[in-house]
Amino acid sequence: GCGSKQDTAPADTGSQNTDASAQSGGEKDAAPASSNSAAPADTSASGSGSGDLEGAHVLLLKAAGTFTTKIYEGYSDYMESHGYKTAEKSPTETTVAAQVQIIDELITQKVASITVATNGDAGYDEVFKKAKDAGIIINSVDSACNPEFRTIHVNQASSESLGAYQVRAAVLQALGVDYPGDNMEKAVDDALASYTGDELRIGVLSASIDTPVQNGWIADMEKELQRPCYQGKVSPELDKKYGNDDLTASTTQAQAFMSENKVDVIIAPTTVGLAAQGQVLKQAGSDMKVTGLGVPSEMQAFMPLSPDENAFDYVCPYMMLWDLGHLGALSAAATLAVMNDGFDGKEGSTFTMDAWGDYPETTFTAAPASDGGTEVIMDDPYVFYKDNMADWINKM
Amino acid sequence: MRKITGNKNFGLMVGLIVLLILAAVITPDLYSVGSLMNMLRNNCVFVFLAVGEMIVIISGGIDISISCIMALSGCVCSLLQFHHPQVPVFLWLIVAVLIGMVCGMFNGFVVGTLKVTPMIATLGTNYIFRGLAFIISSGAWWYPHQYQMTFQNFSIGKTAGIYNIIWFAALILILAAVFLNDTTPGRRIYAVGTNKESAKVSGIRESRVMLMSYTICGAVCGLAGMLYVANFAVGNFAIGDGFEMTAIAICILGGVSIIGGQGRVGGVFIAVLMMSIITSFISMLPGLSVWQDAIKGAIIIIAVGINIWTARSTRRRELKERGAML
Amino acid sequence: MGDYILELKDVVKTFGGVQALKGVSFQLKPGEIHALMGENGAGKSTFIKVITGVHQPDSGTMLLEGEQVTFRSPLESARMGIAAIYQHVTAFPDLTVTENIFMGQEIKNKIGLYNWKRMNQKAKELIAPLSPALDVHKPMSALSVAEQQLVEIAKALSRNARIMIMDEPTASLTNHECEELYRITENLRDQGVSIIFITHKFEDMYRLASRVTVFRDAEYIGCWDVDGITNHDLISKMVGRELNQMYPVKTAQIGEVVFAVEGISREGYFKDVSFDVRQGEIVALTGLVGAGRTEVCQSIFGIMPPATGSLKLNGREIHVRSPKDAFRFGIGMLPEDRQIQGLINELPIYQNVTSAAMDKFLNYGILNVEQEKEAARGFCQKIQLKAESIQAPPSSLSGGNQQKVVFAKLLNCDLKVLILDEPTKGIDVGAKSSIYEIMNELASGGYAIIMVSSEMPEVLGMADRIVVMKAGRVTGTFEKGEATQEMILEASLRQKEAGA
Amino acid sequence: MNGKKKWKITGFLVQWEMILIYLLFLINILLMLARPNLYFASGTITSIIQSGMDLCPLVLGMALVMMMGEIDVSCAANMIFCSMTTGLLMDQGMPAVVCVLAGIATGVLLGMFNGVLVGYVGMPSVIVTISNSLFYRGIVKIILDVNVLRNFPAFYTKLAWNQIAGIPLAMIIFLLMAAIFVVVLQKTGFGRKLYIIGNNAVTAEYSGINVRKTRLAVYLIMGGMCGIASIFFVGRMGGGVSSTMGVGYEMNAIAICALGGVSTSGGKGKMYGPVISTFIMAFLIYTLGLMGVDANAKKTLTGLVLLIAVLIPNINKDLFTAVRRRFRKI
């Protein structure tokens, strides 16, 4: 059951992101761009520009961009409302080395905590060890770091659910079924039961080959495809291509999917890939559909924006993500819990996130994660479709 | 027949034909008109970059910063066309070229007048231009809905059934060929590239020629930046990262001598085609996505090897002919 | 003032610390051929470059037809009708012969694009009298040094200049081509062109010039009518001392055959070349341009080993696959083009000198720099090198002194056989005679010397034996006594081998 | 030609390597003034130095390659290839020594491939190494796919992160290696050959130097240094490697060498230069980070510093001659 709670809750969150909406002013069209450009200014105001980071709480994501900005808005909002100094330090390049360098600098600057979304699976152990020895709290968000060093991983949604959601959405779109509301699982079972055509093939356009979190989701997509309802109807093999989160590469790969015409539907579990694939399919006027993880404002050109439209007139009838601001705020709450409330991230231990925006006070419980550490899971993935897109494009 | 095998691009052409046949057999889908056009369209940017890079290399320099010039122009154009939709779009064309020219001029000044080694100078400006692109864009991305259709049409609109960006590329190729082959400034570029000392006593000022070649390169790359974002309708400061290496590889594959003085537009054109086909071809082979780099690398080495080999055998044949006369 | 078409007064030029011209003056009459002579490093080439605007003088005035002028670039002087052939070939190696000839005065069509067809045609016409077989479509880099020189001459001729300056144009030409050049030069004079002709060869001067100006050590020494001056006087003016004997009396004892070349061939270059050289002997290898002498030497030296045939050192067959091998067997070569093959322009002179035999100065792999400098100093003194210091780079030396550096490099190696490809090309009389002296000494010391030369007096004066080549084959071998200039010329034009 | 050239203090003080040292001091003073609390805190300097050591073996090798007038763009890919060899063998449970040596041997082998193509086949080094960079990394991508290697000898991370009496272990090893390289390039016949080839390869050939062999040798050394660099790099990366790591390191290594005064056209510069500028780069980047300069502005600044730094010798030369002339007049 994924739906009703989120359906209302995040929709109201908009009023929370006061900065963004204030900046975006009245002009609707201009909103995404100006909120984009306003964001880095926020960052510097909140500390990184002034330079002295001693005792600050730092969010270190994969690379700069809308995605990062939105998460940081939630993070700094929560932290500052509790009276703490924050900074955002995402690198220019999506590389491990760049992040290691930044973490090392942060240790020297004696920050209080680092919440990181790693760019790779390996490469951080020593610098994390050094950070731990210096008494710095380490948590991860979005893309988990080595469980040995983190207290807790803040996961936007369980990997299983992300894998399953995307496969279900893809299969439904391949069969021409509009978003069925909360129970996609049942909708898939129903739709496939009556399906008698050729075995459906799903293509995946991922980021780079060694992005752990994406690989995890792809693994979970394959797991989902093992369920009996797919047998003989959907090929268990995913046709994987890697676009390195680079425009040209993503577009080339996207075009290959289209030219080959071997897959029936494409999943792009990366925002860059999803936009690239959307653009390719749209420009070519292709019937092929794409779904995956995307940011609403970036996807508005490829998706239906009002309930009375036919979703299948668009290349991406529906897609999913999570509330980025909420994710940021939750990571901030987790960090503060470790610092102030003795939350140790052990399995079963709990912490409480104060009410934030329209999300009520919630208690999260550390659960075992697939990598052997523990994590808290924010929610199920949030599905964007024709009924709610119009609201979201101004907020995220 | 001899004229054909003796051609400098013989190795390349053989490679291209082999590739085309291979692709035809293994991935016939590549040959649907739409795929072919799309392939060309998306690789057109390399025509611009490689032509610009080629001009600089012939003059005896090298430009590592081309992809950053491209990013800077792409960002500025994206930003402007979004905020000033009322301005006639062809103006962005001029803006793009101007931005590129200014960047190129700066490179040319540092290399030509201040006499900094080209590799290092442009390695430095590479960082500077990319940084500027970030500052101007504030790290933001632009997405399709933020691009006016008229702007996008520079690339994806069609004239006579062919994408505009392809027309632009063809125009640049022809202009470059005429410029390099038949005009005084163009020949000056070869002259400086082949022997700076001789150029000096012939009254050709190296610093000016360098300034010119870098400026032209910059202008072409500036144009490339604009057409690139118009083509994909997505843009940010990081676009084109690493393209300079591909462009250099294309140039050398196309027979441009890395020490300057030699190179023809035709060779570069064939090399661009070859690279595009390799990229599209490999991405269409299921499971071969990860093989892309390895195969590209191997093909460049082999093609250059064939070129060296044909050059040598041509020379051997010449000698044999002379031997007969002895 | 109307007497002179070109007049320079008190021209001073310094390079960093080096004074290349210390207030020299010079006058050129309309329609005369004026020879400019002087030792290496006297400042002749620098002077020319000041005239054409490659270099700007520190002070001094230049009058062109009585009007004061200053040229900031060679283009400006060219526009005023001054053409120059520079000493070091200033070609564009990757550009075709045609383009080299028309550089700066391209023929264009109506819309300003190059008219390649007309240019190629005119280039052919220009080059034909000098070298009929030369393909104008070829890039310069495919030509031999001499052929490149011919192209440079054709280029200067194409300018229709009022004043023509030639800086050692005959340095790499053979007699035959020199004759052709003389003819052309005289023709130009008859058409009213004024010519400055720089040379180290007296025959050039006698043949062409009506007046001669001498520079020494960056200073103007004087100007004389050629008719009124003797060889002896001129030499003493140039060197500043008496120089009695140009070619030394040979003192070497000629011994056994040290090195023999037996029937070597290389496709496209030369065929079935055989000769030998004995201990203490100097064998001259001569012939016309393109005869393939350089290639034979390069083959022996291992740059491009011969395809067939054999080399014998002291009767034992040796295989020379690289210059390294050659040095190991005691065979050294002074290459034809010192700029490209002989010098390391950015490294100090002493490192140039020791570069071919560094092992001598190695202690457990570490170079003993003091020892290196010591040795280099010795060799440089021996050949009377004029240089600020042995730490200076060769690029700061004049042409002749650069050649001496390459010579010193060979002296540093312990060799048995010396191959000297045009050893005195572009070297002044003083240095020339000291190089002959050195050659003689080396021969006496037991070296076997193979000398490639296009200068007939040098061949006749120095060689014990003369091997003549034509189109890649040996067409004649002469002993010292029997050879005359006519016989050699005949052999170098002969079709079939005559047998020794 | 007269006697020894006198050693002049003015000449010594304005040579490029000294200017690099001033630059290093300048950055230090800057940081000291801007962030005294951090600068004097224990461990800061150590961290800074350690942060710059991950590519130091590449710098040393690259200096030799560039001295010879060639370039190696494939070194980062080679380095990752070496890491992969070591990592894969470690996964097989082979003894650590064997794995490490095999890693270095891989580097030498890949270096040999470059060297043969450049030296013996006669291809331009830029094209050989650009395409081999694609090729080597491509193979790593094929073999590793989505996998990550985490099994590396323990001394890797110790080397990169530990210190002896406050002196970073990596720096000690670097300086030891640097000393060897200084001797090799500045003092030995081999080093001299590199200068000669870098200046004029044809003359080198005519002087009996085996140019091909020397080129091959340098690429072998460079390959070996890539192998050694893999130790520093993997250590710095906490003992984990995946296929896309280390992208762009080759450009950093080239930039450091250039800053160190090694000309990309060959034959110019000294080994001390790149050694000093390795530290300059480390201090510069880290300092900018500590001063809170935004990651992108940091790049722009780095580019400017690189440009200005390479401009100084030109300005410096003119200045120097002007000063000298004035003194001579007095």
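A, B, C and D are the chain letters, set down in written order, and residue numbers restart from 1 in every chain.
Keep this in mind: a contact is a pair of C-beta atoms (placed from the backbone, for glycine too) under 8 Å apart; a residue touches a chain by one contact, two chains touch by 3 or more.
Chain by chain, the UniProt names read as follows: B = ABC transporter permease; C = Sugar ABC transporter ATP-binding protein; D = Autoinducer 2 import system permease protein LsrD.
Since this is a predicted model, take the numbers as computed values, not measurements.
J.: Please identify each chain that touches chain B (ABC transporter permease) as well as chain D.
T.: Both-contact set = A, C.
J.: Considering A-D alongside B-C, which chain pair is linked by more C-beta pairs in contact?
T.: A-D is joined by more C-beta pairs in contact.
J.: Comparing centres built from CA atoms, which chain ends up most distant from chain B (ABC transporter permease)?
T.: Between chain B (ABC transporter permease) and the rest, the longest centre separation is with C.
J.: Chain B (ABC transporter permease) to chain C: how many Å between their CA centres?
T.: About 43 Å, centre to centre.
J.: Just how far, in Å, is the C-alpha centre of chain D from the one of chain A?
T.: 38
J.: Please tell me the distance, in whole Å, between the geometric centres of chain A and chain B (ABC transporter permease) computed from their C-alpha atoms.
T.: Centre-to-centre distance between chain A and chain B (ABC transporter permease): 36 Å.
J.: Centroid of chain A to centroid of chain C, CA atoms only: how many Å?
T.: Distance between chain centres, rounded to whole Å: 75 Å.
J.: If a residue has to touch 2 or more other chains to count, which residues of chain C qualify?
T.: Touching at least two other chains: none.
J.: Residues of chain D that contact two or more other chains, please.
T.: 141, 145, 296, 299
J.: Where in chain A do residues touch two or more other chains at once?
T.: 40, 64, 92, 209
J.: Throw together a list of every chain pair that touches.
T.: All chain pairs meeting the touch criterion are A-B, A-D, B-C, B-D, C-D.
J.: Under the stated contact criterion, what part of chain D meets chain C in this complex?
T.: 1-2, 4-5, 183, 187-190, 192-193, 195-196, 199-200, 202-210, 267-268, 321
J.: Which positions of chain A touch chain D when the two form their complex?
T.: Going by the criterion above, the answer is residues 40, 44, 48-54, 64, 89-93, 95-98, 100-102, 104-105, 107-110, 120-130, 208-210, 212, 215.
J.: So in the complex, which bits of chain C are touching chain B (ABC transporter permease)?
T.: Per the stated touch rule, the residues are 49, 52-54, 73-76, 78, 84, 86, 88, 90-95, 99, 103-104, 106, 108, 112-114, 116, 267-271, 471-473.
J.: Which chain B (ABC transporter permease) residues qualify as touching chain D in the complex?
T.: 64, 110, 114-121, 123-128, 130-132, 134-135, 139, 237, 245, 248-249, 252-253, 257-259, 290-298, 300-301, 304-305, 308
J.: Please name which positions on chain C make contact with chain D in the complex.
T.: 16, 301, 303, 322-324, 326-328, 333, 335, 340-347, 351, 355-359, 361-362, 365-367, 373, 377, 380-381, 385, 387-391, 409, 413
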